[in-house]
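Chain naming follows the written order as A, B and C, and within any one chain the residues start at number 1.
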Amino acid sequence: MSARRALPAAGIGIALLVLLAWLPQYYGSTQTALFARALAFAVAALGLNLLTGYNGQVSIGHGAFFGFGAYTTAILMKDHDWAFLATLPVVAVGGLAVGAAVGFPALRVKGLYLALVTLGLAALFPDLVTRFVRGTGGTTLVQIPKVTSPSWATRFAPADDQWRYYLVLAVAVVMLLVAWNLVRGRFGRALIAVREHEAAAATVGIDLARVKVSAFAISAAFAAVAGSLLTLTTGLANADRVGTFQLSIDFLVIIVIGGIGTVVGPVVGAWLFVFLEDWTKQVFPDTPLLSPAIFGIALILFVYVLPDGIVGGARRLLARLRRPAAPTPPTAPGTRPAVRT
Amino acid sequence: MTLLEVRDLRGGYGPVRVLQGLTFTVDDGEIVVLLGANGAGKTTTLRALSGLIGAQGSVRYDGVDLLGRRAEAVARRGIGHVPEGRGTMAELTVEENLRVGAYLRRDRDVASDLERWYTLFPRLKERRDQPAGTLSGGEQQMLAIARALMGRPRLLLLDEPSMGLAPIITQGLFRTLADLNADLGVAMLVVEQNAMLALGIARRAYVLETGRIVTSGPAAELREDERVRKAYLGM
Amino acid sequence: MNVSLFLTQFMNGIGAGVIYASLALALVLIFRTTGLLNFAQGEMALFSTYVTWWLWDGGVPILPAILLSVSLSFVGGAVIERVVIRPVESSSPLIVVIVTLGMFLALNALTQVIFGTDAKQLASVFPQRVFDVGGVRLTAQTIGLVAVLVLECVLLWLIFQRTKAGLALRAVAANPTSSRLVGINVGRMLMLGWALAAALGALAGSLVVPATEALTASSMQAILVFAFAGAALGGFDSPLGAVVGGLVVGVANSLTIEYLEPLRDVELLVPFGIILGVLLVRPAGLFGTQRVERV
């Protein structure tokens, strides 16, 4: 990025950060919990986007990685008295390992078959939890000790939920920067090259196996950290078949709405997702399932109408406003009709 | 009588314009050869005629406009197409391939037609219950032609029917095509690399270069044409 | 080892496997015609099953209710292919996943929006009887389901092998371009494939639910995973494979639960293991052709 564009971008970023930091000062605890949820979902979607958007490997099993993070944090905090932040490195490394374990088979199993295997993973995960986790009263529910605001922070975070929000925000910002750096650098170019044409990528010296397995590992680690963040916000880890599966699809919804293959797309998508979900619940309290119905239809419509999502569409609009003569066609990864061979 | 009249045919694949405005005709019961170097647009021409790809210009066939019609509608008008590379339905048996060829027919003579083409191509009969994908290349070519004939076409588009065939088989194939033409009166538009043989059975010929007709005339004359001899007959 | 316990469990496995086989057949039909894995197959069946329930609840006897729902699903499947799937035909796997999961989400939620979130009871067409054949417990449900599966297979075989439409369907699966050249309306055949799949799913759903417990919006999610395991094991393009695969998965699961104590709670381990194992070792499955790589 040229300096001419980097400066305003950094300016916008800092302004947004200030806004995000100010939110819990103004809004109450219900809203603050929502903000935290949106941030957690954004981190998971960032991870899925690295894998699916940038690397072209389709996963519908990220609900499982998310759940892995949630339970790891919950169990370490509840049974072993760990501090929340201390659990994060364990979650991240564990996520990397679990992701790599799935990434290796993915070297052979591709495309729709990979999607199927990951779907199986999302369906299997709650069973594993049922088998191995002994939660409250024999259920799969694990409640964590309440994370409270430390005394030195009472000036800006007098309420515990504010403090938890700031923890989530800090971690989310770190994860966003990590994702940003990965995508801008050599690794990002390798991810895209592999997505576009594996054979061509291999001929320019890219180690296919390493890139693809790393993408899976990193992506899973993001989802796992996101699971920890949500556990911090809600105070518990839980998994059932419907929920884990639903989560996996939710992440996909988020990146499709926000913009597949863009860094900020998942963040935008996550906020939209969480707030639309909440809004429909407020407005139509009698039909709690209205939002998944809407998101399901939106998922299909976006593919037809706005395949590069809101961020991609906005970029095209901006480009057209700047240079009215040259409209850029939508080019989200994977939306070009691939010729079946 | 003119059966097929093509005027200013233009078209291609997306932004790639391959056909630059072709004009030619095929008379009822006539064999016409389309010659041209690799990539000249011969296959593209046949695809445009049978509705597999969109095109502009005008294509009149038996008094109706063909352009813009879908491939299945074109087939219904009595145009058979033996595609480049044979288009075998590999998982279907030989006989099923042939029956698919009669998909549009409502009459009761399908069985007798089957026998007829089996008599012409005895190898197909021997392998009638075998998956078509297990046939040799030449046998698949026979199958493709027989499948098109099962539809009782009035006009047959043939895209390199000799591809992959031994010279001796190719000669037999062209004799068969000439016989079919004489017996049934099927008009044929033949794209062929073996220009000598094709010109031998054709009445007229067109030469295609980068999407344009550059030469045309009676087949016998083109066989003597200096440029055609050099470029397509290798003399 | 207790032989009659083994046989009882075996037959229970068959009873479950029959359902997996039916749904796997639907998956295979769609894979063969449109070349994609339909992740929404279970939810399509779920919606159809709710339609059956709605009809039955409204006073239609159970058998006509099922037949009506199957017919409606047939039409619905064709409409879905035309409206939702056709525009993304031959797109990348990502697009296929997005669209079918969009259907998954929408159908699952719409089912609950339309029919309510409470669990439903649905009558069974089969009598609630248990036969004792030499110590082996056999339910009328299992026997009935096997009979239905046999009927389905015969019907499909007749359609595919003995009708012109069936021949055309197979031709389209084998070579769409050549099919168009002989005058087959490929789009209509794809609609037919989806219509048949939706009808099969409706039948499977309407028959399985009484066997388990109540009908809820999550009834089909585990079944779908089992069905995918069956289809993978048999080969995604092989109807015969779907039937064999579905039955094997059902039996394998039933026996695992009975004899491998530690795995009892991990319900989906067997189907997941089968999916992963087959796709890693032999992607074409037991009966499929080896060109499955195309997706």
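Note that a contact is a pair of C-beta atoms (placed from the backbone, for glycine too) under 8 Å apart; a residue touches a chain by one contact, two chains touch by 3 or more.
The structure presented is a predicted model; accordingly, all values stated were derived computationally and were not measured.
**Q** Taking contacts as defined above, which has more of them, B-C or A-C?
**A** Looking at contacts between chains, A-C has the larger number.
**Q** Grab the C-alpha centre of each chain and report whichever is closest to the global C-alpha centre.
**A** Going by the distance between chain centres and the overall C-alpha centre, it is C.
**Q** Averaging over Cα atoms per chain, report the distance between chain A and chain B in Å.
**A** Chain A and chain B have C-alpha centres separated by 55 Å.
**Q** From the C-alpha centre of chain B to that of chain C, how far is it in Å?
**A** Using C-alpha averages as centres, the distance is 43 Å.
**Q** Find the geometric centre of each of chain A and chain C from their Cα atoms only, then give the gap between the two centres in Å, rounded to an integer.
**A** Roughly 32 Å separates the two chain centres.
**Q** Going by the contact rule set out above, which residues of chain B touch chain C in the complex?
**A** 50-52, 70-72, 75-76, 80-81, 83, 87-92, 96, 99-101, 103-104, 147-148, 151
**Q** Would you mind writing out the residues of chain A in touch with chain C in their complex?
**A** 52, 56, 58, 60, 105, 108-117, 119-121, 123-124, 127-128, 130-131, 241-242, 245, 249, 252-253, 256, 260, 287-293, 295-300, 302-304, 333-341
**Q** Name, in rising order, each residue of chain C that touches chain B in their complex.
**A** 164, 167-168, 170-171, 173-175, 177-186, 289
**Q** Help me check something: in the complex, which residues belonging to chain C touch chain A?
**A** Answer in residue numbers: 35-37, 39, 84, 87-88, 90-99, 101-110, 112-113, 117, 217-218, 221-222, 225, 228-229, 232, 262, 265-269, 271-272, 275-276, 279-280, 283, 294-295.
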